[in-house]
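There are two complexes below, and they share chain A, which is joined by chain B in the first and by chain C in the second.
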Partner chain A sequence: MLEAKIKSEILKEVVEAASLLIDEGKFSISQDEISLKAVDPAHIALIELGFSATAFDVFNASPMELGVNLDKLKKVIRLASPQDIMTLKLDEEANRLNISFANLSHRMALLDSSTMREPKTPNVALSTKTTLNGSDLAQGIRAASTISDYIILTATPEALELSCKGDTDAINVQLSKDSLAEHQCQEKVRSLFSLEYLSSLMKIIKPTDAVCLSLGNDLPVKIDFDIAEGKGKVSYLLAPRIGPD
Partner chain B sequence: MYEQVFKNSLGGSERCILCRGTKLLCGKERCPILARYYSKTRVFSLIDSLQIEGASPPSVFIGRWGYPKVFVGPMLPPKLGDTSFMDTPEEWIDCSIDQFIDFRSQLIRGKYRIGVKDVETEEKIIQQTKEIAFSESPIVMDAEFEKKPRGRLVLSDTVQPYGPSAPLSKIEMGNLKWDQRVEKAHGDTDLKSKDAVFQLYNSKMLISKIQKAFSVGGFGIKKERRFVPTRWSITAVDSIVGQELVKEIKEFPEIDEYRVYEWRNLDNLWAVLFLPLEWCYELIEAWYPFTAWNPFGKETHIYSSHEFWKGRKTYAEIGGCYYAARLAVGETLKKERRQAGCVIFREVHPGYILPVGVWNVRENVRKTLTTKPNLFSSLNDALLYISRIMDIPVRRWVKNSTVLKHRIYQQRIEDFVKSGPNENLRNPL
Partner chain C sequence: MGIDLGNTIEKKQISLSYLSGRSIAIDANNALYQFLSIIRQPDGTPLKDSKDRITSHLAGLLYRTSNLVEVGIRPVYVFDGAPHPLKIKTLKGRRAIKEKATIEWKKAIEAGDLELARTKAQQTSRLSKEMREEAKNLLDALGLPWVQAPSEGEAQASWMASQHEVYACASQDFDSLLFGSPLLARNLAITGKRKLPRKKVWIDVRPELIDLERTLKSLGINREQLVDVAILMGTDFNEGVKGIGPKSGVKLIKQAGSLEKALEELSKEKKFSIPEEITSNYPQVRGIFLNPEVTGVKNLVWKKVNKEKVEKLLCDEHQFSLSRVDNALKKYEGFGKRLGQADLFEF
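Right, the complex of A and B next:
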């Protein structure tokens, strides 16, 4: 059983986060939370997202898994205006999710979630933790993408550094400890990442968001932030590139 | 002299490999490389008449100069009988260059200028040209020209060569039978051309036949139909079919091992590497000095185009051959119902002096993939094997390969699930 009402802009945030990496996804629904875990087809990034039942105006659900075509769902949500309240209702017999808002209703066929494998979460010990503004991270990533496909993230006890080298140019963004909301780092660590993934991640991080970033040496970066007005959490893990910068 | 012109106009022949006579990146009115070949070929004078009787294979040619007003018309040799071989690239793989040039240069191209959108015009020559493109077998015809057919072998990187041409004034031909599958797709004016092409492909129709019907605006939503220059239509069909095949194979499980297929033809050396990965694809070509598109170079030039899971948004840098080879790869994987990453290595050795058309790439990759592959359990071993069969050192291939570099240097999430990064992949060389 699933019957829920939610503001379209909140649902939009959640679905856009999930569809960063995948076109089809499996939402796990419990009585007080909806969550999703997925890796992209190239197995380079992993996203875990969860949002609480309190993000909904109405939420009545029994535990279940829901296979959803995220592309289709995104298109439906785009038809709504941000303040529209969307009603989601599961039609178990027809295996459909009925979505209605304003005077539109969409009966969306669900996917077989039993064939969607859940990825294993790596257990990596990341030694640093930095909290910074979404806008600072976005600026560094935008700057780097003008000259390269990769970015080096370095943490020292004094600062967080975003840098890259192109064929002829180099870019370096220094965020000193004082300018950061939080910065824990004992010794220097450094990893290299694909900008393609980070740039697309920035589409769902707002400039004012507090972003928590954890690093290691040639280890994945973990990026945590809140969505859905603080009622949802995203944890994003991106595997590094190891080798020539 | 051409060498001089060429050297003055370019900063080396790198640009030639990217242009291949199509974009005229050097700013010249004619491609100096093609001009050099033309200067060496004999002028044809086998036709000394305004009228030719012959059996069209069937074959049509749509030019691209002057677009959207282009020359459209059939091609026919001055001989009768079963000529179908002359325009069926699927059957040419065992031909030598000389045989190939010999029969292609007998094809005379009739020209009639028409706006590309005028596919439904009443003009008889245009209607006849369309029918020829739809025919399932050779058609005996009498073609009358305004002038005597002139010219010599016409070469291009995409289009297979053909012989002299002349403006057409009249065609007389017997009844012909349309291919039923084409007739059906042609009659459906609500069917998108993309869907028509893939349907015909799935009905086992030859790519070259689909391409002919496509080039005369045979498919698509009625008001969108138009003539498509032969050169563009070849790549359009390769690209459409490849794209649809890739869409299907992305649903299949990944292969279990590394495979290397190898093949040599027309002084081209081919190696195809399949990786047990999600779909990604790259074609890397190494042009030796004194080859068709690197005639005066001092060193081997290597160029590549690639796509990852999401595909490309722009036209491949290396041109139509990228799409022709992708089709062949997609075909093989679909047959197996498996998914893989694929890197194709092509060495073009000095015996390959003439551009013959992308059919050569499509058919050779197809052929390569019918050979028995060598299987390997690691990328390292597969690359070592490739270093033994190819001339170019594997380091240089890797340096020029986005897909290989990505596989070697980019870690994956599962590499960290158990015990940190996968040591095996860090340094395969």
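Right, the complex of A and C next:
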């Protein structure tokens, strides 16, 4: 059983985060939380998201898994205005999710979730933890994109550094420890990442978000932030690029 | 060519992206032959440039490989070296088939039977030294590595897989398993819709992966015994015993334990005649598969594509369409950007 009402802008945030890496996803629903875990086909990034039933105006559900075509769901949500309240109701017999808002209703066929496997989260020990503004991270990534397709993230005890080298130009963004909300780093670590993935991640991070970033040496980066007005959490793990810069 | 183990082997259907980020050693001669055979006009004429030079192999190499690099597969092409003396007879036999097919192809065109013409034309494919050199030049321009094997390309590719220099071997033959490749990928370069010859039926050719260890386990034999089965069935290096297929071959070797004992058993039965090639050459054939001549390969490097060089080679030299080439090159450019990207599950 699933019957829920939610503001369309909140649902939009969640679905956009979920569809960052995949077109079809499996939501796990419990009485008080909805979660999703997915990895992209190239095995480069993993996203885990969870949001509380309190993000909904109404939420009545029994535990279940929903296989959803995220692309389709995104298109439906885009038809709504941000303040529209969307009603979601599961038609178990027809294996459909009925979505309605304003004077529109969409009966969306669900996917067979039994064939969708949940990826294992790699166990990586990251030695640093930095909390920074979404806007600072966005600026560094945008700057790097102008000259390169990768970015080097370096943490030293004194600062977090975002840098890259192009064929002729170089860019360096320094965020000193004092300017950061939190910065824990014992010794210098450094890893390289694809900007393709980070740039698309920035589409779901707001400038005012507090973003928590953990790094290691040639290890994946872990990026955590809240969505859905603080009622949801996203944890993103991105594999590094290894080898010559 | 090589042996056909057919249905005795367990194949796992995979999607191309399953191999994303992995390096794959591709049997170059096998792939180029496929391109020369498949990439033809309806009457069987291969693609040619303005100087009447065949270009099917280059078209295949560019376009088919682009589908691999698009999903992040790292191909390395392995070229055959000098054939083993025992293979000469097989090669001569193939040449005779080609000569016969060439005559039949011309006849079919005269008779207006395009279907037959195409089928016959496919059997006439020849891979010349120039074609191999052109292929190597194209690979250089595409930024993809290639390896020149001292002898059998499949042996070299299999050895690279067994040394974990690459993740798997790609070939249409099963010989890679005899050569000891832990993983064999099939249908990589020819994935997609394919027409069955002489039938109006299109089949979906999908990549598949064969695991040597699992294969041996399910057959209940070891690799040495698998080689013995192949020798009984006939390989590129020896004629087989007529009437022995994969199933009966495995059964025989399993019961007898070794080729020597199996031959003893077979010689007692009148309906089988054992070719002299087996009795006199089998130790040598075993050696070809179990201790092949290979060369050391270290640090394979994939580089960014050199767009101008590819365009010059294909468009200026061989009159390929610039827009089609550029479209394919976009996939190589995307591949170049992802070079060095680690797999998340390596951690």
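The rule we apply is simple: the second predicted complex is superposed on the first by the 245 of 245 C-alpha atoms of A that agree within 3 Å, B and C clash if a C-alpha of one lies under 4 Å from a C-alpha of the other, contacts with A are read in each partner's own complex, and residues count from 1 in each chain.
Heads up, the rule we're going with is that a residue touches a chain if its C-beta (ideal position, glycine included) is under 8 Å from a C-beta of that chain, and two chains touch if they have at least 3 such contacts.
Predicted, not measured: the structure shown is a model, and the values here were computed from it.
Superposition of the two structures on chain A leads chain B and chain C into a clash.
Of the two partner chains placed by superposition, chain B and chain C are both touched by A:46. After overlaying the two complexes on the shared chain, residue contacts for A:242 are found with chain B and with chain C alike. Touch criterion not met for A:152: it reaches neither chain B nor chain C. The superposed model puts chain C in the path of chain B at one of 146-154, 164-172, 218-226 or 254-262, which is 254-262. Once the two complexes are overlaid on chain A, the chain A residues touched by chain B in the first and by chain C in the second are 39, 41-46, 119-120, 122-124, 194, 218-220, 237, 239-244.
Contact residues on chain B toward chain A in their complex (touch as defined above): 250, 277-280, 308-309, 405, 408-417, 420-421, 426.
Those residues of chain C that touch chain A in the shared complex are 17, 20-21, 71-72, 337-347.
Residue ranges of chain A in contact with chain B, taken from their complex: 39-46, 119-124, 194, 218-220, 237, 239-244. Residues 39, 41-46, 119-120, 122-124, 149, 192, 194, 196, 218-220, 237-244 of chain A touch chain C in their complex.
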